[in-house]
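One structure is given here, and the rest of the page talks about it.
Labels run A, B, C, D and E following the written order; every chain starts at residue 1.
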Amino acid sequence: MAEPILKVNSVTKCFGGLTAVDDVSFSVEKGEIVGLIGPNGAGKTTLFNVISGYYAPTKGNVIFQGNDISGKPPYDLAGVGIGRTFQVVKPFAGLTVLENVTIASFLKHPKKADAERHAWQVLETTGLADRANVSAAGLTLAGRKRLEISKALALEPSFLLLDEVVAGLNPTEADRTVELIMKLKAQGLTILIVEHIMRVIMNISDRLVVLNFGKKIAEGTPSEVSSDPHVVQAYFGEEAA
Amino acid sequence: MKNRGATILAIIGAALLILPLVVHDTFVLRVLTEGVMWIGLAIAFDVIAGYTGYLNFGHGAFFGIGAYTIGILMMQAHLPFWAALPAGGVAAGIVALIAGIPTLRLKGAYFAIATWALSRAIQQLALNMEMTGGPDGMRLEAFLNPQFFYYLMLITVGATFAILWYLLERAPFGLKLKAIREDEEGAKALGLNPTKLKMQSFILSALPTGILGGIYAYWITFIDPSSTLGDLVSDQAVVMVVFGGMGTLFGPALGAILIFAFKTIFWAYLSDFQLLYLIILGALIAISVIFIPNGLWGTLVKRKAGATRPEQKAEPASEPAALSAVAAPEEGN
Amino acid sequence: EQRNFFKIGVITELSGDLVTGGNITKRGYDLWAQEVNAKGGIEIQGKKYPVKLVYADAQSNPAAGAAAAERLITQEKVDFILGPYSSGVTLAVAPVVDKYKIPMITGSAESPLIWKNKFKYTFGTIPPINFTGATSIKTLTEMKPAPKTIAIIGSNDAFSKATAESYKAAAEKAKLKIVKFSIVPSGQDMTPLLSAVRSMKPDVIAFGGHDEEHVKFVKALKQIGYTPKALLMHCGITDKAFIDAVGKDGEQIFGTTCWTGTAKTKSKVLWPNAAAYAAASQKAFNNPGDYTQGGCSAAGIAFQTALQKIGAKPGMDEATRTKLITALEQIDVQTFYGRVKFATSGEFYHANVGLDPLTVQIQGGQVKTVGPKASVEAPAIYPMKEWKSR
Amino acid sequence: MNLLDVNGISVNYGDIQALWNISFSVAKGQLVALIGANGAGKTTTLKSLCGLIPTASGTIHYDGKLVTGMPVHKVVDLGITLVPEGRQLFPKMTVEENLLVGAYLKRAHGKRAQTLKRIYEIFPRLEERRTQTAETLSGGEQQMVAIGRALMQDPQVIMFDEPSLGLAPIMVQEVFKVIQELHKQGLTIFLVEQNVHQTLKVADYCYVMENGRIVGQGTGKDLEADESIREAYLGF
Amino acid sequence: MMELLPQALTDGILLGGIYITIAIAFSLTYGVMHVIDFAVGEWIMFGAFTGYYLNKWTGLDPFLFLPVIFVLYFGVGYVIQPVIHRVLSGTKGNPFLMGLVFTFGLAIMFRGLALTAFGFYSNSIPSAFSEGSFNLEPLGLTVTIPTVRLVGLAYALGITLILHYLLKKTNFGLGVRALAQHKDAAGLMGVNSKRTGSYVYGIYVGISAMTGVLLGCILSIGAQMGNEYTIFAFFVVVLAGMGYLAGVPWAALLLGLVQSIFMIYFNPSHTLLAVFAILYIILLISPRGLFGKGV
């Protein structure tokens, strides 16, 4: 197998006395979807922040396409092909949906007209095109989640970090998003996804990495992981088991 | 729509250009010169405040730095005005660069007050230096040609307006700044470097302000710390921009025109009620904030419907490679 | 333009930081105009022309001052101008009046800088501060026992700093030992500095500042409990408002001025003497007026005198105005304010050097002249009474 | 007896009408759920119930009292409270302070030590983190604080706006357990959820909302059996 | 020069006390309402003039009026707050900036009103406290403490403690802090946001007005006095960390000490330069104020 697109090597991230991510290692192969799961507060978002450049790791490093990217700022990482969404959505509230996406499109399309055209296409894909001219603040949660994905996609990334993009969507909406994610995978995008909705994460992930109290407690295919007693106890609870 | 706007602008521009040929009244020219200067100061201020979201309460410092640079270069280095003028802008730009690196890390009110402190510090510096003449200020050689200053101001502000219009409304730069204004952290994930963008906008705001300060110095012939480095420019710019509408170019220009006109008319023709002026101006500001929080421009000109959706037909042919897959029709699955 | 009255532009600071000074200036001009008009106007070749003042607010800002001058000259077509309170505004206005060749007398601005620039059309009735400062230092050195040490403090604005510097020059000349010379930022609490001064125990403390700073200064000195043998300030203390504000703490403070309401002046123009002027002012403004206000009224008188001399009528053309300048350069007139005579060369170019500077002291709530000898109204009280035992 | 009676309310955001003549009721002691697609107007309904946004028409009665037009602080004083969407904690306050604000109301103030203890029993995690500021908590921890804070008010009716949002499965079960527990203890509960499966299981009665209108209602069982509901909201 | 140090420190602390009085309530209202009130100096000025005229009419010591002035201006603030609230809770534009500009307009208007009503002269408020001073000579220190400034410091510390108690120990304070951080959520907890906001603004205006009387006794009063105090109020509050009440006394003392030490040991004309530079540098090092606890 080729070199993995992303390698997380013994990453530790501390906040003062609290170790939010504790010596976590795993890798993501090109073209696969890896699910990152774990109880609330396990350190998933923190790990995303490390990978996408928002935090420098306290220890360890992150290798992306063969280069050590730990400590590089997010805007540089966007440039090398890492796109991400935020669990707490961050729309540019005072701008329209189209403008929001256009800003991301600038990365690959420095001309404004090109960027705008590209943004339209992204919005068509994500199903927000008919809301393009409303202010981003006026979107519902579902809309904002979709806007998050649109912005990340407009960067034309090769690697996508999705932090709970399905959470809060009703089943039909969720299904649409899942469809979109599968489509992206089909195009060769590599995806690392955090999600608590089992129906979603179990279906789309090729592999799962499980965190608990900052530590990796399991890794494997969905079926392997869901039968792991540690994971069941820490994460799924008895009922699901 | 766009054409009509351009036509109106062209007519206003042409009218302003030929005006001195028709109007010989030097007082009117002086008032217009100052009015145009305020338009320039307001739009330059809005680059950092309205577009980028950093309320600079020390905008006046750039003005004063420009004024003093020209004063010192002309009176002490005996440079001709034309040689000194660009230096005014450059000096303001350099100060923006040096001060911006640390200051732009601050947010919201902290930034506002740090810039205020900085401008006060610069004023104190001018009060305590030999080169500036200290509290006595500095006199420049008088060259009182009203037409000259009118045209110089008009061309400088016109050029500033055009350049800013291009950069902020036509080029991606303006939208990038707005992204910074809305959410700096979020913008980083989209490949924007906030530090760099903020820096650029701060310098872009300082440069024309410094040049206007330089023209002012030569025009008024006397500068001192309280008039050029005091709060006047900063305060007035804030009021004009907020009144007119932040984050646009026409708003601040409109705000500058109206506030300046109000001030001037009151000053010239109702000077017996000078104290009333303060009361009315204050009340006007307060009331306008309550009733037109988007500024006059934002209220008058409702945001236009926005970009139109390109026709579906354009889709397959013009798609960039990376996305074509994303947008690929259903059967691609 | 044909008219049967003189139209006079008044440029002064009616708003902004210098509003106090600007209004005092305005009172001086107003009182003059009122008095002239009460007498039917300025008599030129047997006919009386009343005066009409047109105000323009300089907003304590040189640019507004210049615009004001331009408006008064080109729109209002004023015959001449009564000038601003502050030196800064005056410096911006002077080139404009030079350009249009419109005479201006300012009754207030006393910074030496104006006169060094030798503006042809600008005159001033108040002598420059460096012309007046020496007198009061000299008066103090004549006290018994003579003071030996002095601390000088000036606020960091053009006028106050010049005041402090003129005291410094005079003290050096008088061989007083200067234990401290400090310029402080305007408007600040000076207590810490005065604590330092106290430790040097100077006999005299001299301060150059503005009205509000005077009040703070006195209170700060009192609060730290240091009474120098003499406390010297400038003309601001002669204003009734200062005396009212500090009450008994103002007693025995020295000041420098060229005029008081009790000055021994004699005049044939408008008011026969200082007392008459003070009474008129008291009636008009409930305030006897100070040196700045008087200087402004005297500016009007200077114009009036020069106009009469050349027989100029309202709506003067350029040639007449040039003649008016010559006339102004030649006048030497006794007014309620004292002698008005403008220097025509040197560092005091066009400033009034006809006056004798006075040393004054607040005694019993009144401003009394205590020096130089020729003008003394009352003996100086020296040393000053302790703050505590007042 | 109906504790909550909503009669024909409409709500506008500027020019946009978000709710159209909504009516429903919640009986005392019941657990009533409201489900619907994203943007259907569920959050808007909850906000107008507790006075956070004004209604354009219609009436809301709580315990027989008219509450339409009442400011939010008066409404909650009557014993109805909301665990808002997105938690809305006081970010700079510690976990414990957040909980204590819950007992701001006079009627809850007296019992606050007791209630606090109970809440720490339900959520031991919160006791561990009681001095941590709310903004640094993980999503799940924040949800616990939000629920705890509402309980501190000692309410009669709790309205939940998507309480399971972003929670790990184990926590979702936990939250539903807590909700059921509260229900058992006699609290009246009005629940807005996307987790339709679970919701239909626990709800006594259920309303379905679409485009700002109530389009269906029934017991959980009825709705689960309903073809069109299954299709639209259960996703398979 | 070292023998001056005790006095320099004393002067600095006393000056710091003055800054506390200016800034403490201002910090409170910023913390709760997120409004940077440009009119803070004007409230001080109005209070000062009210004290001045009350003293003139009744001849009583101005310190006796402090409660009256507090109540009076509490009422004024209480009445004005809803308007500010309206500006700040607007959904259009940038409410924070709007609040700033709104109070800026108020400040200009107030200054105009004051110039019209009170004239342009400077004045001073006499008080029994203005007379004496404590001398620490018996303790072997050449230190003089003016009574009126000591009273000022005590007043400052008293107000600080009262506000601190109110915020941290009372239910009202809990509501205030909740309101400061999340308005809607505070409402859900039963906090009456309108009334609490009005109380806070009333308290702020009332305290500022009382402070004016104090300043009139220590320094001077005048229709234009506000601006200078507004600047220092801002600086102290920013240095303390905006809205962080406990930081105010330290920030104020620091500013006072810097000014005092600088005036005594360095070139006094650079005092303000030093103050601004220090403020600037501290902000750069610690962007949320001295303790990093600003909001």
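Going forward, a contact is a pair of C-beta atoms (placed from the backbone, for glycine too) under 8 Å apart; a residue touches a chain by one contact, two chains touch by 3 or more.
This one's a predicted model, so the numbers in the text were calculated from it and none came from an experiment.
Peer 1: Identify the chains in contact with chain A as well as chain D, in label order.
Peer 2: Common contact partners of chain A and chain D, which must touch each of the two, are absent.
Peer 1: Under the touch criterion given at the top, what is the topological distance in steps from chain B to chain E?
Peer 2: Minimal hop count between chain B and chain E: 1.
Peer 1: Under the document's definition of touching, what chains do chain D and chain E have as common neighbours?
Peer 2: none
Peer 1: Farthest chain from chain E, comparing Cα centres?
Peer 2: The most distant chain relative to chain E turns out to be A.
Peer 1: Decide which interface, B-C or C-E, involves more C-beta pairs in contact, and give its chain pair.
Peer 2: Most contacts of the two pairs: C-E.
Peer 1: Need the CA-centroid distance for the pair chain A / chain C, whole Å please.
Peer 2: Using C-alpha averages as centres, the distance is 75 Å.
Peer 1: So, what's the distance in Å between the C-alpha centres of chain E and chain A?
Peer 2: One centre to the other, that is 48 Å.
Peer 1: Which whole number of Å gives the spacing of the CA centres of chain A and chain B?
Peer 2: 40
Peer 1: Which parts of chain B, given as residue numbers and ranges, touch two or more other chains?
Peer 2: Residues 124, 127-128, 275, 277-278.
Peer 1: Which chain E residues sit where two or more other chains touch them?
Peer 2: If we look for residues of chain E contacting two or more partner chains, we find 115, 269, 272.
Peer 1: Two or more other chains touching the same residue: where does that happen in chain C?
Peer 2: Within chain C, the residues that touch at least two other chains are 15, 17, 156, 185.
Peer 1: State which pairs of chains touch, listing all of them.
Peer 2: A-B, A-D, B-C, B-E, C-E, D-E
Peer 1: Which residues of chain E touch chain C in their complex?
Peer 2: 3-4, 7-8, 11-12, 14-15, 18, 115, 120-124, 126, 130-131, 133, 135, 142, 144, 146, 148-149, 218-220, 222, 224-225, 228, 259-261, 263-264, 267-269, 271-272
Peer 1: For chain B, which residues are in contact with chain E within the complex?
Peer 2: Per the touch definition, chain B meets chain E at residues 53, 55, 102-103, 105-110, 112-114, 116-118, 120-121, 124-125, 127-128, 235, 238-239, 242, 246, 275-287, 289-290, 293-295, 298.
Peer 1: So in the complex, the part of chain A that touches chain D is made up of which residues?
Peer 2: These residues of chain A touch chain D: 15, 37-42, 45, 87, 138, 140-143, 164, 167-175, 196, 198, 234-237, 239-240.
Peer 1: In their complex, what parts of chain B are in touch with chain C?
Peer 2: Of all residues in chain B, those touching chain C are 25-27, 30-31, 34, 124, 127-128, 134-137, 139, 142, 144, 216, 220-224, 226-227, 232, 267-268, 271-272, 274-275, 277-278.
Peer 1: Any idea which chain D residues touch chain E in the complex?
Peer 2: Those residues of chain D that touch chain E are 50-52, 71-74, 76-77, 81-82, 84, 88-93, 97, 100-102, 104-105, 109, 149-150, 153.
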